[in-house]
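Look for chain A in each of the two complexes below; its partner is chain B in the first and chain C in the second.
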Partner chain A sequence: MRGLLNGVVLRVTLRAAMSRKRAVLFALPAILLIGVAAVLKATAKGTAWPPDVLSILGYLLLALTALIVGGSVLGAEIDDGSILHLLATPVSRRTIVLSKYLAAVALTVAFVGIPLYVASAIAAGAASKLTIGLLVGALAGAVIYNAIFLMLTAVVSPGPALAIGLLYILLWEGLLASLVPGVGLLSADHYSLAIANSIAHSSALQPNLTVGTAVGLGIVVTAVCLALATICLSGFNVKGGEVA
Partner chain B sequence: MTTIELRGVSRWYGNVVAVNGVTLTIGPGVTGLLGPNGAGKTTLMHMIAGFLVPSRGEITVAGRSTWRNPDMFRQLGVVPERDSVYSFLTGAEFVTASAKLHGLPAPDAAAGRAISMLEMTEAQHRKISTYSKGMRQRIKVAAALVHDPEVVLLDEPFNGMDPRQRLHMMDLLHVQGEQGRVIVFSSHILEEVERLSGIIQVIVGGRLAASGDFRAIRRLMTNRPHVFLVRSSDDRALGAALIGRPAVSAVELTAHGLQVRTSDYGTFTREIARISREAGLRLTQVQPSDESLESVFAYLLAS
Partner chain C sequence: MSAEAEAAAGQPALAADGGVIHNIGYRRYDAERLGRWRIVQALTWHSYRAAFGLGRGGKAKVFPALLFALLCLPAAVNAVALATNPHSQPLVSYDAYIPALRTVTVLIFVALEAPNLLSADLRNHTLPLYFARPMHRIDYPVAKLIALSLAVLTIVEIPELLLYIGNVSQVHGAGQAWEQTLRLLPGLLYGAAWAVLLASLGLLLASTTGRRVFAICATGVPLFFSYILAHALAQAGQQAFGPAGPGQPSALTSLAGLISPFTLLGGVLRWLQAPRGVRVPAQMLQATTVGHYGPVYGAVFAALTIAAVGGLILRYRKIGVA
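Coming up: the complex of A and B.
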């Protein structure tokens, strides 16, 4: 990976993400997921709830966290201009994008993937197929969502990128993908569900595509998004210059 | 010899022209980019640094284009104007990170040297968020100089510095220039450029208004027509006395006093007291009324 990743960019990105005020939001998925799992485990009568509740809540929180994290690792620095300190170095733009992307994936896994695993372990057991399936689906989701949202901040400015990302999660994936089967072909949520279901084999996880298609499309979407982000950062035009 | 070359460089945003057909060559030494706020200095700096693509024209540093050429930053150090740094890092961490990003073999030692050069050793282990604006400027300069670049671009580097820090920074840049580096800094303050730079490029309204030796341009600035507001015990009588003098080109009686236009700044300021005394009048006010930098630039542009 030498040459593709830069340890300084990775560490600075992780510290920047954790130093922002919005970092307190990162604790919310863990509180919600583990709290809901513990409460339902203690109060719910049947055993059918974990796949439904954890896949819907867990993957929604995964998408929203990736939107905040993936959208800020590059977007926040473009917004405040500190990206210039990074761009004024000979580090290749591809390395900057990949290092920031890796930081975003790591943060998303830490703040949603692991809590989702813990919540599912409380609900269905640490080694259950559901728990392992949800974790692997979450890892795949973190990889794909962050590539999409990082690309959005590089292609359009960070503000609109956040709005577009939110529309994608709530409208495209939340509404259209469940109503129109073909829409699932372009849904990171459905890729995650298909991958999770290939291990969990739960009727509650209802992807609109096969695991093979999900993996193939997930790889293509991730690669295309990272390539686009690299192209945009290579031709980055700073804003905020004075105009006569 | 390392040079920065701009050939017919323009940059526009929609219908708004920020930089208009600038052609210039900047060689080793300290060069000041002087112009009022909004003149296009930052846009020009961004284009030279490769942070902004010119709409038209060509820019090279040491014969190579800076656009889409990150490798160029091995020779180039940039201090952006915006006061945005990684404030969660300490000063030492920030400069060391810059040294590592430039691939220096001994980043800690290089960072230590740059920090010491900027007199930031004492504060280096404090978080940048606790720094004053002047200290943030200095740590940005340390990060830009850490890899000992041949070309350094500094956009308004003296902003927020106190007079002592300003003098120290000027000395530092002066030494860097004397060592053969190409140092370009922008400023909207005439005195800063005057103290530091022998060569200036004056940018007004996105155009290169004047270029060359500072003393020649200063002379042009001094010899331009000046307007004074003069008040006395009898403005009408003083106006009559002044209009006959060769140094005075126009006199206008206004509600606020006499507006006197002179083509010879030195002679007028020496003679005005004597003329009023000879006319038996008492002077109460002699005030230059067009000393703003903008009026100086407007004159340079017109000439």
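Coming up: the complex of A and C.
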């Protein structure tokens, strides 16, 4: 795998993401998930709540975090123009995309995946099927969402990419996927749910597709998005307006 | 004083109603000078048009038009259904319309248009130019608030009126038409509550940053996330605690709706409807459970609206002249 990843790009990206003021926001999902799980666990009389609450909240937070992280690992550099210095180095565009992507996935898992695991461990036990299922689903979600949002920043400019990503989460996954079951075939949320459900076997997780389809489509979507991002970054144009 | 003497003195010409033209020697201005209120009026009208993309490029018109059409769709379907099958009941109620659809549509509209009204002025530092006119600090946020409230009102109430027309055209006799009118009025009022609360919250959130895209996220993400959170917690309350008493949901389920402005509005509707004993099919109601906490919803609605309007005005007292 030598040459596919670049340690320096990876390290710089991680540091840039953490040093922003809005990095404080990243603690929010953890506080919320673990807080809700702990309070409900301490006071609840029933035991049916963990799958519903954790899958809905956890996977929405996953999507929103991936939108911000995946949209900014490349987007922030395009925005402030420092991408030019990076592209001028003899590091291949594919390596840049893959390193940035890996950093985004790692950050998303750290900010949402692990808190979701902890919350589920508090609610249902650390080794329960639900906990493992939610964690695996979250890992898959982090992989797919980040690829989509990173691709968006490379294809259109970072600003509109954020708006398009938000509309995708809101309209496509929020409204349409609940009204039209077929939309689940092209929804990263449902891929995550299907993968989580294959381990957890909970009636509360309602994916609109089978786990095989979800894994297959997930891999295809991720690969296509990363390839598109690489192609678009290879043809990256320096706009004159930026300098003037 | 002649215009030449004015220019020599460098004094602005003051009209009787407070209008002011600074004479900086380029061109004389002899026409009527309009005062503070006409400026506010113009800013409101300009912002209202801008909210629908009028006077802006073609791309800016796409989403307002799309969302408006989406929200009108149920009214049109209702009218067609009643026309082809005259004895059936109306499919859509005036009060809640279709809650899920209206929530997402209005959410996207506010998240896209509130930043449109504010962020350009913040980013380009044009606010000092506004305040150099005989316009007061408070006028700018108030004008924007009125404009966005009217815009939300427009996309919420016109479908209601279409619904009314569809229903009235199929009833017989003045009595039934009057009954429909009586049902329409609370629906219109409820729509106004939506407009004021969401416009003030949306503008407050959008005024946090001058970059339009971040402002869209800063508006859309909290509104959407709180909506999902409210639903998840209401569901959790049901599963974790069960009913608190006969016919009485648990406290968590009843209070979860306070988290999001959309479920809050639904809760207010539930509370106001309860005493009149109006039977409305369940799927037509906003899915907020209020239990016996109805008055809390009313109080929080009032407090949140006042806080959002106050916050917006406070924000614009400090902002801009940098």
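Everything that follows uses one rule, which is that the second predicted complex is superposed on the first by the 239 of 244 C-alpha atoms of A that agree within 3 Å, B and C clash if a C-alpha of one lies under 4 Å from a C-alpha of the other, contacts with A are read in each partner's own complex, and residues count from 1 in each chain.
As a working rule, a contact is a pair of C-beta atoms (placed from the backbone, for glycine too) under 8 Å apart; a residue touches a chain by one contact, two chains touch by 3 or more.
Since this is a predicted model, take the numbers as computed values, not measurements.
Clash-free side-by-side placement of chain B and chain C is the outcome of superposition onto chain A. In the superposition on chain A, contact of A:170 is made with chain C only, not with chain B. Once the two complexes are laid over each other on the shared chain, residue contacts for A:186 go to neither chain B nor chain C.
When the two structures are aligned on the shared chain, A:211 is found in touch with neither chain B nor chain C. By the document's definition of touching, neither partner reaches A:155: not chain B, not chain C.
When the two complexes are overlaid on their common chain A, residue A:57 makes contact with chain C while staying clear of chain B.
When the two complexes are overlaid on their common chain A, residue A:231 makes contact with neither chain B nor chain C.
Of the two partner chains placed by superposition, only chain B is touched by A:81; chain C is not.
Smallest inter-chain Cα distance, chain B versus chain C, after superposition on the shared chain: 16 Å.
The residues of chain A shared by its contacts with chain B and with chain C come to none at all.
On the side of chain A, the complex with chain B involves touching residues 6-9, 12, 15-16, 19, 80-82, 84-93, 234-238, 240-244.
The touching residues of chain C, counted against chain A in their complex, run 100-101, 104, 107-108, 111-112, 211-214, 216-217, 220-221, 224-225, 228-229, 231-233, 235-236, 239-242. On the side of chain B, the complex with chain A involves touching residues 13, 16-20, 37-43, 46, 49, 51-53, 68, 70-74, 76-78, 80, 82, 84-86, 88-89, 97-98, 100-103, 140, 143-144, 205-206. Those residues of chain A that touch chain C in the complex are listed here as 32, 36, 40, 43-46, 48-49, 52-53, 56-57, 60-61, 64, 67-68, 158-160, 162-163, 166-167, 169-171, 174-175, 178.
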